[in-house]
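Chain nomenclature is as follows: A, B, C and D, assigned in order of appearance, with residue numbering initiated at 1 for each chain independently.
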Amino acid sequence: MTPSTPTLSVKDLRVGSPFNELLHGISFEIAAGERVGLIGESGSGKSLTATSVMGLLPETLMATGTINLNGIDADLLTASERRLNRLRGNTMAMVFQEPMTALNPLMRVGAQVAEIMMVHRTERGRRQARQRAVELLARVKLPNPAEAALAFPHQLSGGQRQRVMLAMALANDPQLLLCDEPTTALDVTVQAEVLKLIGDLVTDRGTALLLITHDIAVVAEVCQRVLVMYQGDIVEDGPVGRVLTAPQHPYTRKLIAASDLSSVDDRGRLHTMSMPVIATPPAAASSPRPSQADAAAAPILLPHRAAHQRLEQGGPPVIFNEVAGAGAIRVRGLSRQYRRRGGGLFAPAPIVHGLREVSFDVAEGQRFGIVGESGSGKSTLMRILCALDQPTSGAVDVLGQSIGGASERQLRDFRSQVQIVFQDPMGSLDPRMKVRDIVAEPLHHVGRAEAQARVEAQLAAVGLDADVMHRHPHQFSGGQRQRISIARALITRPRVLVADEAVSALDVSVRAQVLNLLADLVDEYQLTLVFVSHDLGVIRHLCDTVAVISDGRIVECGPTASVYDRPLHPYTRQLVSATPSMDELARRVIA
Amino acid sequence: MVLVVLRRLGVFATTVIVASVVTFLMLSILPGDAARIALGVQATEADVAAQATAMGLDRPAIVRYLDWFGHVLIGEFGTSTVSRQAIGPEITDALGITVILVLTSVVLALLFAIPFGILTAVRQRKPDGAILSGISQIGVAVPGFLAGMLLVTVFAVTLRWLPAGGWVDPGNDFGGFLEHLILPAIALGSVQGAVLSRYVRSSVLEVMREDFIRTARAKGLGAGRALFRHGLRNAAVPVMTVLGLQIATLLVGAVVIERVFSIPGLGSLLLDKVALRDLPAVQGIVLVLVVFVLLLNFLVDLAFTLIDPRLRSVS
Amino acid sequence: MTASEPQAGSATKPRPAPRRTPPERAGGGATLWAGLALIGLVVLAAVVSAFWTPFDPEGVFPDSILLSPGAEHLFGTDSFGRDVFSSILRGAQISLLVGTVAVGLAAVLGVPFGIVAGMNPGRLDQFMMRGNDISLAFPALLLAIIFGAIFGAGTVTAMVALGIGTAPAFALIARSGTMQIMSREYVQAARASGKSGLFIGMRHVLPNISGMLIVQASVSFGIAVLAEAALSYLGLGTPPPTPSWGRMLQDAQGYLFIEPLLIVWPGIAIAIAVLGFNLLGDGLRDRFDPKMQVKR
Amino acid sequence: MRAHTQRSMFASMAAVMVAFVALVGCSDGSSTNEADADTSLTVGLLATPGNLDYTTTAGAAIPQALLYNVYEGLVKLDNDGAIIPLLAESWTVSDDGLVYDFLLHEGVTFSDGSPFTAESVKFSLERVKDNWTANGPAYLDPIASIEAVSDTEARITLSKPSNSWLFNMSGPVGTMFTESGLADLATAPVGTGPYTVSSFKTGDSLVLAANADYWGEAPYMTDVTLRYFTDATAQTNALLSGDINLVAGISQFQLVDQFKSNTDFQVLEGASTGEVTLSMNNVSDAFSDVRVRQAVMYAIDRQAVMDTANSGYGLLIGSMVPPTDPWYDESLADLYPYDPDQATELLAEAGVSDLTVAFKIPNLPYAVAAAQVVKDQLAKVGITADVTALEFPAVWLDEVFSNHDYDMSLIMHSEPRDVTVFAAPTYYAGYDSPSVMAKFAEADAADPTSYIDMMKEVTTTMAEEAAANWLYLQPAISLADADLIGVPKNTPSLALDLSTIAR
C-alpha cells in the first residue's frame, strides 16, 4: 500500500432500475485512514452508494461504473460473489442504522461477533474467536464485556447494540469502514458517545471511514472531509471546516442554513430552502381570524417568566414554573405506573414507573418545551396532558378541567380546546381517509357545508391549496403531511396545542418550514404550546421555557436561554453539550 | 421462567374447565334417543324408559355434568352405553393411533416442506422456483382424501405393494405396522407438506429481508450461508405456530384419511360413537380432542419461549 | 388450518429510507391475476348454471348411465345418467355458497370480536383471547360432526360449522391488526378529538385492517371449499341430488375401475377453485403491506 | 457461493426423495396375508357391532359374527333355508303340534368348560322372556313350559301350535347359554360353537379362534379375523390388495363387475332376505287412501330403480317374501307393472293433485341412491317428494321408526320372515288390517301345508293393498379369493356361517 493509492475509489457510479436512474455517475475517493462524511437528505442516494460499495444492492437494481478497493485489482462491481464474500467483513465492513434489527435476535452477541472472525478464519478456532470477541466488546467500551458477550441482542440497549455492531465491523481490522446513519436511532447523549467511539477507533487503527448521515453535526463531530449528495449527485466535496463555514454549492448553503436553528432572519424566522411544491401564503392573506367567542375569552397575557430551578438528588419534589393564579396547565404530584405486558389473569405484571411525582405549571400563552430522551416519560406526560391516558396519582388540570377520572362526556369541551400534533408524518394520518375527512375529524356537530368551508380555510392557513382535500395522505410529502396534521389540530380553535416531536422525522429543510409555520400559528391563534422533543435545538428555537425530563422526573426547568447557557443539572449539561449549535460546530472543527 | 409456566398452567386449567362445560352443553342437546338405539326397534317403550334410567339419562344436567367431569378428572371417562366397556382405554387406543399417524405425516411433511419451501423461496425469481412453487400450490389445492384414494388405487390395489387400509399394532408386528402406516401417512403428509412448504417459503422470504441477514452478508457470509446460519431459526418461529395449529386440526382432520384407510383412529371412533349416540364416549372423545389442542397450544407457546430469548425475559 | 401465512418479525419503527423494493411486487401481480382468472372461471360456472346447463344435473336418466365423454356429454355421465359437465357447472354454486357463507360468518363473528379485544388491551383482551383459545380447540371438522349429529347433516350445517370453526382465525388476525392500528398516531388524534371507540373502530381500524382480512378471507375460502369436499366425503355435506363436487368425488370412488374419469372432473374443479383463492390470497398479500401480517 | 448453496439444497432434497422411495420400496412384495397360513381367513364386513351382546343390543352385526360361529342353538338354518339339527341331534313333534322333544348331543361343553345339558336349554330359553330386550324375545312367546327330562332330553311345550316357532329357534333367541358364561356378555361371549372370541375392537376387528374342544367337526379355518369397514370401496380395495380374503355381502354393486373379469377372485351371487322397501305411512294424510298408494306402485319403475341404484343387481319381488320362503309367489312381481298413466288416473280418482310428501330416508348409500330415482319417477306423475336423508340409525329410528313422523321412507328389511312384523298396526308402516293379522295368527297355528297356502294368501293381500312398495330383493353377493370353497352364498338367516369355509 502506497500513500498515493486511495483506499476506496469510486468512478462514475450509476445505479438504477431499468426505468429510473437513482445515482447519476458519482465519483469520489477515500484515502487511507481518511474520515469522510456523506451527507444528504432522504432519497438523495447516500445509502445506495454504500450498498453499492459493499455489493449488497437489491437484485432489482443495476450498477455501472467502477469501484476499487485498495490492494484489490478487480472492480468490485464485477467481482464474483466468492471474492466479495472474502472482502466483506474483512477488508471492508459496514455498520447499519437500525441497531434494533441488525443483529440476529436468537443468537448471543458474542457469538455474532466471533462469527465474523470464523468466517474469514482470522482466528484459529471457535474458542479463540470467542475470546477475541470479548476483547473487542471491551474495546468498544461495553460494560462487563464477558457478560455482554453472553447476552442476547434484546437485552442490550440501542447504544450497546450499536457498539456490538462496531466491534463486529472492526474485528478483522478492515481498511474501510462504512457507517450508514449509525447514530440516528440513538438518543442524543448516546449518539455523542458512539460517534466519539467511532472516531477514536478509526483514528487509532488508521481505518478509512465513510460515514453516511443526514445530520451535519454528526459529520462535523467525526469527519475530516464531507461529500454532499443531492438527488443522486455529489454536489460538493471538501474539508468539513470549509464546507461548514463557506459552502460553495447553493444546495449546501441552504442545507447548512436550514440546519442552524440558532440563526434566524430579520423576521425571527428560520432560514428555509426553496419549496418547489407549495408556496407559503402571505401571513395576513387567508388566515382565518379566531372566532368571536375565542377572541372574547382570550385573556390579556401578562408575560410570565419562569424561575430557573433544578431537582436536587434525593431532594424534595419541586414545583417547576409555578404560575400564580390560573395557568393553562397545572400538574401536581403526577405519577404514572404501568404494568408491563405479559401479565396474566392471575399474577400481576411487573410495574414500570412512567412518571414520578411531577409538578409544574404552564401559563396561558407560554411556549413550554419538554425535552428528554426515549423512555424518559415525556410521551407519557404528553398523553396525560391530552387526556389520552390517566394519571395513577396526582392532579392534572388543563384549562380548568381535571383530567384524573374524567369521563369522555366531561371531556367533550376539553377535547376541542386541547389538540395534538404528532411526530410521524406517516402514522399520524389515516391512509384510508381523504384529507378533507382527516382535517374535519375533530369537528363535532358541524354541518357538511360549514365543515367544508372550515377545512378549506384551515388548509389555506397551513399553506395548502383547497384541491388537496380529495387526496389521500400517501400523495403528500412528509412536510405536507405535517401541515395537514397541524390543520387538523387547529380546526377546533384550540387554546392549547401539544406537539409531540412534531418535526423530528422531517428532513432539515422541511423542518425549518414547519417550525416557522408553527411559530406563526402559535402567535396568530394565541396558543399555549407544549412542545415535546428530544432535540434541544428545536426547543431552544421555538420555546420560551423548557423542562428537562429524565427517568420520569423533571430535573430542571427554566427560561430556554438560561437553561441552555447555564444548565444546572448534570444531565442537562450532558444534553446541551451533545447538541452543539452550528457556530460551535464550526468552531470545534476548525480548532 | 417457572412463574411464567405456572401462570400459563393456571390459565390452561381454567380453559380446560370452560371447554369441558362447552363440550357437555353442546352434546347434551344431541337428538336421538340413546336408550332406543341401544335396544333397537323391537323394544317396548317401557324397556326404553327403564334403559334410560339405567343409563342415568333422567338426572338434571348439572348433576350429570359434575358427575361426568368429576370422574374425568380422576381419569374415568365412564362406561360406554354401547360397548359397555370403560371408555378410557378405547379413547387411549384410538388417540394413540391417530397421534402416531399424525406425527408420522407431519414428519414426512416437514422432510418435504423444509427443503422445498427454502428452495422455492431462494429461487423465487427464477423459473424453476416459480414452477416448484406452482407445484406446491397445486398440492395445497388437492383434497387429502383424493390423494388417499389414488394412493390406494396405485400402490395397494394395482401394484399390491402395500395394504389398502387397516391398522396393525406396532407391539404385535412392527413390519406390518410400518406397512399399514406408509400410505395413510403419505396421504396425510403430502397435502400438509404442500401447505407447510408455502409457510416455509413465505417465512424464509420474510426472513431474507431482515436486517440481520444483511448484516450477515456484510460480514462476508454468502447468501446461502447467511440464510442457513441466521435465517432458518428465525424463520422456524412462524412455521412452528402453523405446525402446532396443523397438528391440532389434524387430530380431527385425520378422520377423512382414517376413513379412506379404515384406520380406527380417534376421529373414526368419534364418528362411530356419534352414530351410535354413545354419549359418554362422545363427550370423552370431544373433551380429549379439545384438551389435546389446548395442551398443544400450551406446548407451542413454551417452545417459543425456548427458541426465542426475547420471550424468556418477561419474568 | 386457520392461520394466514405468518410473517416473521415486525418492526414498528418507520424507516426513513425506502431502500428495498417490496417483496415479489413483480410476481405478485401475475399471481393475483392468475387467481382472479381461476375464480372467475368458477364464478362463471356458478352463474351460467343458474340459468342454463346442458342437461338437468338433478334428474335421473336410466338410458344414459355411465357414458364415456363424447360430443353430447363433454365429461360423460354418472351412474344416474346425469351429465357430469352439467353437475360440475352446478356444483360451483354449492362450493361458492359454502365458501361465502362460511367465510362471511367467520368474519362477522371473528372480526368484531378481534377488534374489540384489540382495542381494549388488558384484562378484557386477555379474557376474550382465552375464549378464543377455547373456540380454536373446536376445529371446524369437529363442529361439523357434532352439529351434523345435532341438527342433521346438510349444506347449512356444514356452512355454519365451517364459519364458526374459522371465526377464531379471523378474531386473531383482526385483533393483532387492531393492536397495530391502535398504536398509530391517527388513532390517538381521533381519541384526542373525542371520538368514540365505535367511531374509531369503524372509521379507522376496520378500513385499515381490511387488507389483511381480505387476504385471510381468500385463504379461508379455499380451505372452506376443501372442507366442504371432506365433509361430503364423510356424508356430512350437501345431500343429493344437489350437485356438490365433494359428493361427486365420493360417488365416483365406487366407479374408479369402471369410469376413472368420474373422479378426475370434480377433483380438477376443486383444485381450480382452491388454487384460485390461494393465488388470490398470495397476490393480495404481496400487494398489501407485508408488515401488516400477523404472527399467529 | 450462491450456486454452491443451491446445489446443496438440491442434494438434500434428493436425499429426502431417496429416503422416501426407499421407505415405500422396502415393503415391495411382502403383503400381509399371502398364503403363509392356509387356515387363516380375513373377512371384510361393513356394519361393526358396538358390543357382543345380542340379548340386549339390536342390530344384525352381532348375530352375523357370533351366531353359529360362537353361539349355537338347538337347530340352525342351512344355506338353503332349511331347518337342520345343531345341538339337538333330533327332535319329535307331537301330533297336536304342541310338544317338542329334543334329543341333545352328548359331551358338548361351553368354551368355559361347563357342560351343555337339557338344563342349559331350560335356563337359556327361560331367560329370554325376562332378560332379553333385543332381537325378538317375543318369538318365544308360544312356549308354555320347558322341561329337562334328562341330561340329553329336553321337552318344550307350546301354548298353541306355531309354525314359525322352530324357525325362530334357529335365530338369536334360540341361543344356548351357560349360567357361568353370562358375566361379560358384551365382550366375552361363551358358547358351544366352533369358534371362540379372542379379541374384539369396536369399529375395527373381531378375531375368532377355532374352539379346540368343539363337539362337532372342527372348522377348516382356525384363525378368522372379521374386519369392519365403513365404506364398500375400502372393503373391495382391501380384497383387491390382498388384505382380506372375503367380502361377505357387498352393498354397492357397481363394485362387483371388476371382480367378474378377474380370475384371482370369485363372485358368489345368492339370495338374501333383505327386501328394499319403499314404505308409505299408511295412516298419513298422503297415503291413507289405498289408491294413492297404488298410484305409487304404478308410478315406480322398479327395474329402473334397481338398474340405477343397484347396477341391475337384485330380484323384483313385489311382496315382502323372498324366494327362500316356501310361500314365495313370483307372480306378485308383476302385480303392479310400471304404468305412469294408471298412476295419474288413480291419483285423479282419489282427488289428489300436487301431492307433496316428506320422503325421509336413512343416510345409507343404497337408500340415498334409490331415493333419487324414486323422487324423479314420482315427479313424473305429479308427486313431489321432499327427500331428507336422516342420520342412520339415530335420527331415522327416532323420527321415522319410533315417532312415525314421515310420509314415505326407503329402507331394507333384512330379517328373515319379517312380513308378520311389518303387518302389525303399531309398526312404523301403520298398515292396519285386522283381517290380515288374524290370518297370520291362524296360519301360524295351522298344519304345515295350509300354513304355506294361508301365508301366500295373506302376503298377496298385503301386496294388493299396497301396504308398501317392495322395490326389490337385495342380492347377497360375496366376493372371495378364487381358492376359497364353501363360502355361504345365501343369507337365509342373520348368521355368517364360517364353519363351512375352506381352501
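The criterion applied here is as follows: a contact is a pair of C-beta atoms (placed from the backbone, for glycine too) under 8 Å apart; a residue touches a chain by one contact, two chains touch by 3 or more.
In UniProt terms the chains read A = ABC transporter ATP-binding protein; B, C = ABC transporter permease.
Here the structure is a predicted model, which is why all the values come from computation and not from measurement.
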Where the centre means the average of the CA atoms, what chain is farthest from chain B?
A
Of A-B and B-C, whichever chain pair has more C-beta contact pairs
B-C
Here the gap between chain A and chain B, centre to centre from mean Cα coordinates and rounded to Å, is 50
Here the gap between chain B and chain C, centre to centre from mean Cα coordinates and rounded to Å, is 21
Quick check: how many Å separate the C-alpha centres of chain A and chain C?
44
Using mean CA coordinates as chain centres, what's the chain B-chain D distance in Å?
37
Interface hub residues of chain B, defined as touching at least two other chains:
11, 14, 31-32, 125, 149, 153, 210, 222-223, 234, 259, 271
Could you list which residues of chain D touch at least two other chains?
1-2, 231, 233, 391, 394-395
Within chain C, the set of residues that touch 2 or more other chains is 9, 20, 26, 130, 148-149, 253, 256
Listed in rising order, chain B residues that touch chain A in their complex are 3-4, 7-8, 10-11, 14, 125, 210-212, 214-223, 229-230, 233-234, 307-310, 313-315
As the complex stands, chain C meets chain A at residues 9, 11, 13-21, 26, 123, 126-127, 130, 184-186, 188-196, 203-204, 207-208
So in the complex, the part of chain C that touches chain D is made up of which residues?
59-60, 62, 65, 79-81, 148-149, 152-153, 235, 239-241, 253-258
Of chain A, residues touching chain C in the complex:
42-43, 47-48, 51, 58, 60, 97-98, 100-101, 184-185, 214, 344-345, 383, 386-388, 408, 411-412, 415-416, 418-420, 422-424, 426-433, 438, 441-442, 444, 485, 488-489, 492, 505
In their shared complex, chain B is touched by residues of chain A numbered 54, 56, 59, 81-82, 85-90, 93-94, 96, 98, 101-107, 115-116, 119-120, 152, 154-155, 165, 168, 340, 342, 344-347
